[in-house]
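Okay, here's the structure, questions in a sec.
Order of writing sets the labels: A, B, C and D. Residues in every chain begin at 1.
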Amino acid sequence: MIFTSDNAFGVAPEILEAISRANEGAVVSYGGDEITKRLEGRFAEIFEHEVAVFPVATGTAANALALATLTPPYGAILCHEHAHVNADECGAPEMFTGGAKLVGVSGAAGKVDPAALEIALAAMPAGNVHNAQPSTLTLTQSTEFGAVYSIEELRRLTGVARERRLAVHMDGARFANALVTLGCTPAEMTWKAGVDVLSFGATKNGALAAEAVVFFDPARATDFGFRRKRSGHLFSKMRFVSAQLEAYLAGGLWLRNAGHANAMAKRMAAGLALVNSARLLAPVDANEIFVRLPRGMLKRLREAGAGFHPWPMDGDDAENRTIRLVASFATRAEDVDQFLQVVSG
Amino acid sequence: MIFTSDNAFGVAPEILEAISRANEGAVVSYGGDEITKRLEGRFAEIFEHEVAVFPVATGTAANALALATLTPPYGAILCHEHAHVNADECGAPEMFTGGAKLVGVSGAAGKVDPAALEIALAAMPAGNVHNAQPSTLTLTQSTEFGAVYSIEELRRLTGVARERRLAVHMDGARFANALVTLGCTPAEMTWKAGVDVLSFGATKNGALAAEAVVFFDPARATDFGFRRKRSGHLFSKMRFVSAQLEAYLAGGLWLRNAGHANAMAKRMAAGLALVNSARLLAPVDANEIFVRLPRGMLKRLREAGAGFHPWPMDGDDAENRTIRLVASFATRAEDVDQFLQVVSG
Amino acid sequence: MIFTSDNAFGVAPEILEAISRANEGAVVSYGGDEITKRLEGRFAEIFEHEVAVFPVATGTAANALALATLTPPYGAILCHEHAHVNADECGAPEMFTGGAKLVGVSGAAGKVDPAALEIALAAMPAGNVHNAQPSTLTLTQSTEFGAVYSIEELRRLTGVARERRLAVHMDGARFANALVTLGCTPAEMTWKAGVDVLSFGATKNGALAAEAVVFFDPARATDFGFRRKRSGHLFSKMRFVSAQLEAYLAGGLWLRNAGHANAMAKRMAAGLALVNSARLLAPVDANEIFVRLPRGMLKRLREAGAGFHPWPMDGDDAENRTIRLVASFATRAEDVDQFLQVVSG
Amino acid sequence: MIFTSDNAFGVAPEILEAISRANEGAVVSYGGDEITKRLEGRFAEIFEHEVAVFPVATGTAANALALATLTPPYGAILCHEHAHVNADECGAPEMFTGGAKLVGVSGAAGKVDPAALEIALAAMPAGNVHNAQPSTLTLTQSTEFGAVYSIEELRRLTGVARERRLAVHMDGARFANALVTLGCTPAEMTWKAGVDVLSFGATKNGALAAEAVVFFDPARATDFGFRRKRSGHLFSKMRFVSAQLEAYLAGGLWLRNAGHANAMAKRMAAGLALVNSARLLAPVDANEIFVRLPRGMLKRLREAGAGFHPWPMDGDDAENRTIRLVASFATRAEDVDQFLQVVSG
């Protein structure tokens, strides 16, 4: 009954096997191995586009490296005010960019509001040396609050970025979950919608520690290798990171895992919708649920062994508090049902 | 017959098994798991000292984070001119410290020469705002050139550092190899010899991707956690990094692996010593060999399938070139012998 | 009729004379001269407290250096969302701190709202490695919008900071203007109210280019000298910066200049208050005025030679726009009256 | 009898007058004033080339900003091992570049040795992610040790740089002194000799605090303005910096001042050459002298009121020590003669 995070769970068996399989003989280190070499082709197929692909091991590394490649030190990165890059990475983008400014923009359910984005940009004229120069827009898909941008929503925001000549980054820590929800192609949700660079997450969805930074314009990636090395994110035994990504993509594992996680979240949401004292605070588009529950109920849940993450929000009071529940590739239907039983009990 | 690097080899079976074993159920992420929690005690036992221990996944991360914790942005880090931190990390210490200066000091076989160190320090008076402030001495054990500092050599250098109030860091990417050579205790080679912080390497000696930063004065480590997170080196599924370290230390695996690698290097060196046209350029104290060979012989070696790393050095000429050979935990005696056969043939 | 900025005006004659007077013979460079040496004593007198004082030449340098001394790279600096450090220094605090995060807090008339501050702090728990660590609160006195914090307001905010162990910095680019308004002592407006470090501005109030960073706890200033040097803000011919500060403080020039500027602003505000179509948008506590005027009137003002700064604000529309007017030590009553005549005409 | 530094002296009268003259009325701040606007044209005339010119107030700022514009954070800056940027700026280039690496190259009298430069570059292959990427060569003219590169020497070094696609910066803190010595045009000593960006010094040669960063390819300068602002080096009352530069260049003042300083140094060197116990340690090409003298003589000089800078060098011993003597625009012949009298006495 653990719903604290998708990264509380371990590794999908297919991925663990791939790691074992990769443990064969001596190979060229630092990414010169065959598994790593064939990754780029695999991503190009999946995204139907020429790409440059760089495996790294954490989402924070993927995001910070991608943003540093796109943003000069005197630049500004526009993001949702509650985006992971702004609120949960202890200043990683600031470190990797050499001090660029993150400008948080408001919006419901973790989605950047286009009007708020335009207002934020208007306050930072291009060429004015007194303000940081808007350089990059980063969007999280699915969002910090479990919502999924529609293709139209993405296009509208990337359009605003394009007018101001901003690069567009997508934080896809939960990319597969969003993709399954939209039922579109990876291409439609990225470069066709105006995304330049993607942090493609696998860790939360069954990998041990593997993410890929995907550039849809390889020309933008010329200095990524140096940035990755000097930040300590180039692995000597790279084959073991690449093997995770290969297995993740093989035979649709990534989509299966995400589909399962999403289904478990829907199941939970459907159950909670029947509970009078429960209030869902964001759309359950992917694998996360934000729900306000009575404190007594939370206490009972803990006593029953449920794991979840307190998530203080405006509107919480002495009686009711918000929590976050996350379903993963390994979440079982019986865990959801047991949770719902306590809630309904 | 691959001797390019110890990281060309994969993962020791005991460590791969530990990763699989750790893949059980949901646990607290980001290092709150039980395996990670018990690491500190294990290291304390081994080093016979209170320690603060932080697992990371690459040697560059370990070094850069350790140095950034010890060195202010206006500080100077004294190191051997050819140290990995100075020559092979694409400026990682500069990035992590916010622009501290690495000051390379000369010395034979990768060992910092104490007299050269004193001269370098004399040129940078403490308190003089015009020069970077000497803050940290970092020593590599075993060195970049396969030599091992004796305890006396370490003490002499850390003594110089102490007089100038410098912190002392040890880059122990090949710590186990040196330890086996000296036959001393981990304590004797570190805190008893004046080392404050250690980058304890496991990756080159059989781990998949695991290093530990070990502080012998935990009070120095108060901000390490923030620096690790913002550089993207805090793993959500930390148990899989910690499990590698635990298995590495269990039952003396680390010393066995290192002992084997050293023995293979000795076997190679002994063989090369019998070859007239081969010239060993550094003491073979650990698992690395630097040898100058005739170009024709190098050609024959390549044709026979031998892997090695060209290592241009002063004294190379049209006839002879230097190469580096590295033995690992997985190097087989027959590979060494086959290599020697080509050389002698 | 120039009201664009207080820095559009030149140098007060007393200060220019002091520069000329300082141009005598050879002296120790980099601040070893007698003028610089006696500055600290002068500031200690004025602030009735032991101080460490560092002259620099720009307000951005003063702020960024002060904040970098107080805030680690993984720290957060709490400030008003429209504070100069956040909106008008192109990321200087981010650069000098090595990537700390500026967290903008809302509040009327440029004053940080205490409740909003507490909410912002609550979202960034101390010790949680995922978020930047709240380290410093910076308050601008007088504010970006021409208001002046009362002593009680300052105390309330510094009290919140103290509870969370934040250092408190005051951006006093217009310190003298605020001091004259409050009619209190420099001590009362700074350390007695909980301020740890002050950017003491002189440039806007009649100096050529001179500011002082004042530490009320000299122990906090130990690394300031290194930071000043490596950012290029240590002047070789320091005596000419220090001479400006000395003249600024001599015989109450600073308070006279500020008093005059404030009086001119009051005169302007009083005149504008009589104009039906003019709407003052912030209290005129110091030497700045934010007023919304009909576009036709702005056109007439420009044609009459008036200088002012457009300052787009919420509520501006097709008919009316907001502008900023700033009075300086050199603003003449007849300029104010001429401006008002056009407005009233 | 002060020979400690050229910046121990004050401001040339012509420059002080220009500051006073500029103190007229209200002007556009931050460089929008007329004096600043006409600077670029003036520099274009003098250098016979299109230029982009940015006034700053210190040499460290000029150098660090120029280098940061040319060098990415993962870049390496090749310089003489004793260059001011490497030894005397407390890590300013490291700070401004975001952690680039300064690679010191040896060479007599402060001149980079071309062979040593080639060796240093060979150790840092372009495109290899493990080493910092050689990006910029910086040459000091005249050098830290008072020597002046000939045009041929400059061309040879910039040729090496060009082959490796490095940008070339010249630290011209004492540019005028070198120019007078070579008797060539400013164009010949800069862009015609392969220099891309120049730190044009005026402070040491009679300005109060004024330097100019001169780009011979204005396209390289597109982000300089942002870097200058965020490092706190954009002056609000810019006219007073620009006025110094204008007066410095007017009527050949800069060359007159430098010519005088050089002549005084020659006079001193000629006198010292006659003293048996004195040993000149570097060519006296400009306005600096490095001379080894008996300690007893140094004591007598101090007692007689002479000011000079101890400059420890290899070869100093119990009997003899090296000092640096610097002549300035304000050094009087009688001071030189008095110094020589003590030496000869």
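Couple of notes before you dig in:
Heads up, the rule we're going with is that contacts are C-beta pairs under 8 Å (C-beta built on N, C-alpha and C of every residue); 3 or more make two chains touch, one makes a residue touch a chain.
Values in this document were obtained by computation on a predicted structure and should not be read as measured data.
Counting steps between touching chains, the shortest path from subunit B to subunit D takes 1.
The chain pair B-C and the chain pair A-B differ in C-beta contact count, and the higher one is A-B. Among the other chains, A has the CA centre that is most remote from the centre of subunit D. Between the CA-based centres of subunit B and subunit C the separation comes to 50 Å, rounded to the whole angstrom. As a whole-number value, the distance joining the C-alpha centres of subunit A and subunit B reads 34 Å. For subunit B, the set of residues touching two or more other chains reads 73-74, 89-91, 94-95, 98-99, 129-130, 132-133, 226, 229-230, 234. With chains as nodes and touching pairs as edges, the resulting graph is complete, every pair of chains being joined. Considering their complex, residues 2, 4-5, 7-11, 16, 19-20, 22-29, 56-62, 64-65, 89-92, 94-95, 203-204, 208-209, 226, 229-237, 239-241, 307, 330 of subunit B touch subunit A. Note for the complex: subunit A touches subunit C at residues 73-74, 76, 87-91, 94-95, 97-102, 122-123, 129-133, 312. Residues 30, 72-74, 98-99, 129-130, 133, 223, 225-230, 234 of subunit A are the ones that touch subunit D when the two sit in their complex.
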